[in-house]
């Protein structure tokens, strides 16, 4: 029985490519199940028979670990991402993002699309960055809280919002938007993706985990715009 | 001339056809079960469209296939006592009785609720729902509802079928008054020879 | 003794009560509209539960409030011709007729489909849906359905109300045969004195 | 007992669902009537389109709404140009999403009741002098009231629970589009926040329970005394 | 026209919805019958519980299912111990989610029809010798068939579109729980992948359109010739 990997939906393309590469090395291709990190974490906590968990969010991995579902010593934060400001393709001027940068003025009476700043990780990082840069109070009332980064991306791509905050990996793949600025690394907590072997995970799953965090595995993710560490 | 009727209509495998003219008064339509009596009444009322022919009542053309005349049922001013009652189940007896009365012009009303209630013996039924009525009670309410609608013509499909003799007598007396004093044309279906004898100005046989 | 009945039942504001015993033959129940005739038939059939009293038919106790006997309707073996037909709308005429026949034991069937179809004149109606039947046609099917159920007792609520004279004659002849040859107890509601006269072994008045 | 913020969410949910029902009910009735009584080419197509929001994942429906009502969408562009209004990111948009998602349920229930109306009673009303409209209002409509009520209950419950299409279409804006289910979803995203989820879910349940009880009471009042038959 | 992978998804969706309907229909009928005919304390409670999946955001329903059917959950633990089966992450779990979400729609539609059955016809059947069960099977059931059919159509459409509860309960496992809506969700996660989304959405629509046409045809066959009344 091939290992079952639960992974955040935003890793769909990159992790699938990694699984294909693994299969090309004469291993059985792991079964990948993509959904929101929160849904997957709750499944793990309910005791489902899964082997690996790749979360887009350290907080949910913490929760899973606290509930004793993670095999000790197997948790590694192996991917990083960046937060970018986007505008619909062909619109919006480049902006240097720094303390007190003029986002509110650029928005005018338009909206700022981002994932839910209270709930979804990308939104939380975005809010942290805007707060650190001192512009959050000015734009908070104009924020559109999308269900996910992808939804925020779609709102900008459709021109419903003149600006949005998403991960660099998302912005890269959508032709309808362009990146107008990148948030300084220090403005928000590090955006990292942890992987861990779950309690009862198979030896083959552990081998796959090791592959993911190996240089060869990380190289695949870099092709999709992720940073690695 | 109260009725000048020539009708043809196909129903499933059967062909219903009838032609007759009748002078003023009450015309009894009789014939065996399934002859098409109810169908004829429905066509006169405008509820069933004939395939061909015409319907003239009291000089007015209500339907004429050739001339493409087809007066809507609500403008034919016909009071119809259905063979199966057809009371409105969501209205109490009083509202059923007054349904047509409220829609009639003041001048067209030739009978009032009190009178109808009295000779049909409906006094205790006014606040009841139709579904709780006995067979004969429902029939009486249906008669009252048609009379109260201020109609200029009456169609009655075996209106006395399940009523006892004394009640029958009272209702027959009212029908006679409508026939003789108000001179409304009436088309009447019955299987009872005595009833036909007593009420009918003329007889039309079907089937 | 064919019927030994003592019943009381409250319906809304009315109190229906009747006590009678009847010898073999056909008992005519008559009374004005709303007297409670249909209610009595329903209580005998087991469709309406009396508040007090008993129902004994042909020596068997079908209901006894004091002794807490209440035989289920389907085990009373009673054929009931309802005042309002009550044909099953989702079954064709043939299936309506055979509904009870199929459920009856071979030995209990005292009449066959062909005979019923013949004297009720249902030949052309067998493949029709009930809703397309005329008033009299539906009534005839209802009579046929009750006869075919292999009942040991018959309840008939104005079964001939809207039938023409010749059809009535044929049906009356069959009822007489059931009464005299098969000796089934029959409880019969009618408003027609001639019918009561001809068929009734005894009369019970209500109301 | 409830925090002011929770009250605001409940009030918003009620407003969104209430408006959605008020607007959708006549539309649903019209469609149900058309599908029950109408005989026209393209009837099956109308039927199918009505069912679409049921069949498609809500997110797709929300996305289609975004395409249609968005600034550059056909409906949205026209609304903007003609009336200067925009429903996107507004509670009105949430009401549109809720109404659209509830529509198929309402149409089916109402249609079932219209199908069951005995049309001979309408004929009887006509002979008593009622024109087609009056016949409709006094006979047809009251006779299919059980279906209308059932449709309303289903629709209201569905709209109180509507999530996927709403968040995709009008996002999650506190005080504007953050209805109960969206607040629940937000709460679900945060680890260790289950208490808030349960509170909010309890609120949803209480809300529709109340609606249910009212509707049952209305239905019972209308039916039981009319039935009357003791067999 | 369709890729083998798409075929597999369609086949899985049909299997999940088909099994869900087969199992849920009798349950829905039983509940509808109980709610329509039964007079027992707690009736309103049953009614409310049946409506819950409609009112709660699907994600919450999915989570509750996860808690109940999970290895440590009351139902899941029992299933495991008694039969050694687990529905979690299995297509059977997806069918359970689909059935639960469709249940309230089905119960309402069926109940509406049972309410409308003329009980005097059941009395007539009894006098003709049919016991309660036979009366039910030959009179009551056929007379409320329009409602059963309507419930089935609603339920099937709903289950074909079911997403939120399914992904929360049984995740997104290719060939096992990745039904059409979940495949659409997955496609939506990949930016610039709209073609795949539309293809899959089109498939959903085609599927339920087919179901709709079949049901209309069945309904028409049963009704039109019986009506007969020309007024």
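Each chain gets a letter, A, B, C, D and E, in the order it is written, and its residues are counted from 1.
The criterion applied here is as follows: contacts are C-beta pairs under 8 Å (C-beta built on N, C-alpha and C of every residue); 3 or more make two chains touch, one makes a residue touch a chain.
A quick note: this is a predicted structure, and the numbers were derived from the prediction, not measured.
Asker: Which neighbours do chain C and chain D have in common?
Answerer: B, E
Asker: Just to be sure I understand the contacts, which chains border both chain E and chain A?
Answerer: D
Asker: Give me the two chains with the most inter-chain contact pairs.
Answerer: Comparing chain pairs, contacts are most numerous for D-E.
Asker: Farthest from chain E by Cα centre, which chain is it? Let me know.
Answerer: Farthest by centroid: B.
Asker: Turning chain D onto chain E with a C-alpha fit: angle in degrees, nearest 5?
Answerer: Chain D sits rotated relative to chain E by 180 degrees.
Asker: Report the inter-chain centroid distance for chain B and chain D in whole angstrom, where each centroid is the mean of the CA atoms.
Answerer: So the centroids are 44 Å from each other.
Asker: How many angstrom lie between the centres of chain A and chain D, each centre taken as the mean Cα position?
Answerer: 36
Asker: Quick check: how many Å separate the C-alpha centres of chain B and chain E?
Answerer: Centres of chain B and chain E (C-alpha means) sit 50 Å apart.
Asker: Using Cα averages as centroids, what's the distance between chain D and chain E in whole Å?
Answerer: Each chain reduced to its C-alpha mean, chain D and chain E end up 20 Å apart.
Asker: Could you list which residues of chain E touch at least two other chains?
Answerer: Residues 59, 63, 120, 123, 185, 188, 229, 231.
Asker: Quick check on chain A: which residues sit in contact with 2+ other chains?
Answerer: none
Asker: Name the residues of chain B that each touch 2 or more other chains.
Answerer: Residues 11, 42, 47, 128, 132.
Asker: Give every residue of chain B touching chain D within the complex, in rising order.
Answerer: Going by the criterion above, the answer is residues 42, 45-47, 72-74, 76-80, 82, 86, 88-90, 99-100, 103-104, 128-129, 131-132, 145-146, 149-150.
Asker: Enumerate the contact residues on chain A facing chain E in the complex.
Answerer: Residues 4, 6, 9-10, 12-13, 31-35, 39-40, 42-43, 46-50, 150, 153, 157, 170, 173-175.
Asker: Once bound in the complex, which stretches of chain C touch chain B?
Answerer: These residues of chain C touch chain B: 11-13, 30-34, 38, 83-84, 124, 128, 132, 134-137, 139-140, 157-158, 161-168, 191, 193.
Asker: What part of chain D is in contact with chain B in the complex they form?
Answerer: Interface residues on the chain D side: 120-121, 123-132, 134-135, 138-139, 142-143, 145, 225-229.
Asker: In the complex of these two chains, what residues of chain A are touching chain D?
Answerer: Touch list, chain A to chain D: 36, 38, 41, 59-60, 62-63, 111, 113, 116, 118-120, 143-147, 151, 154-155, 158-160.
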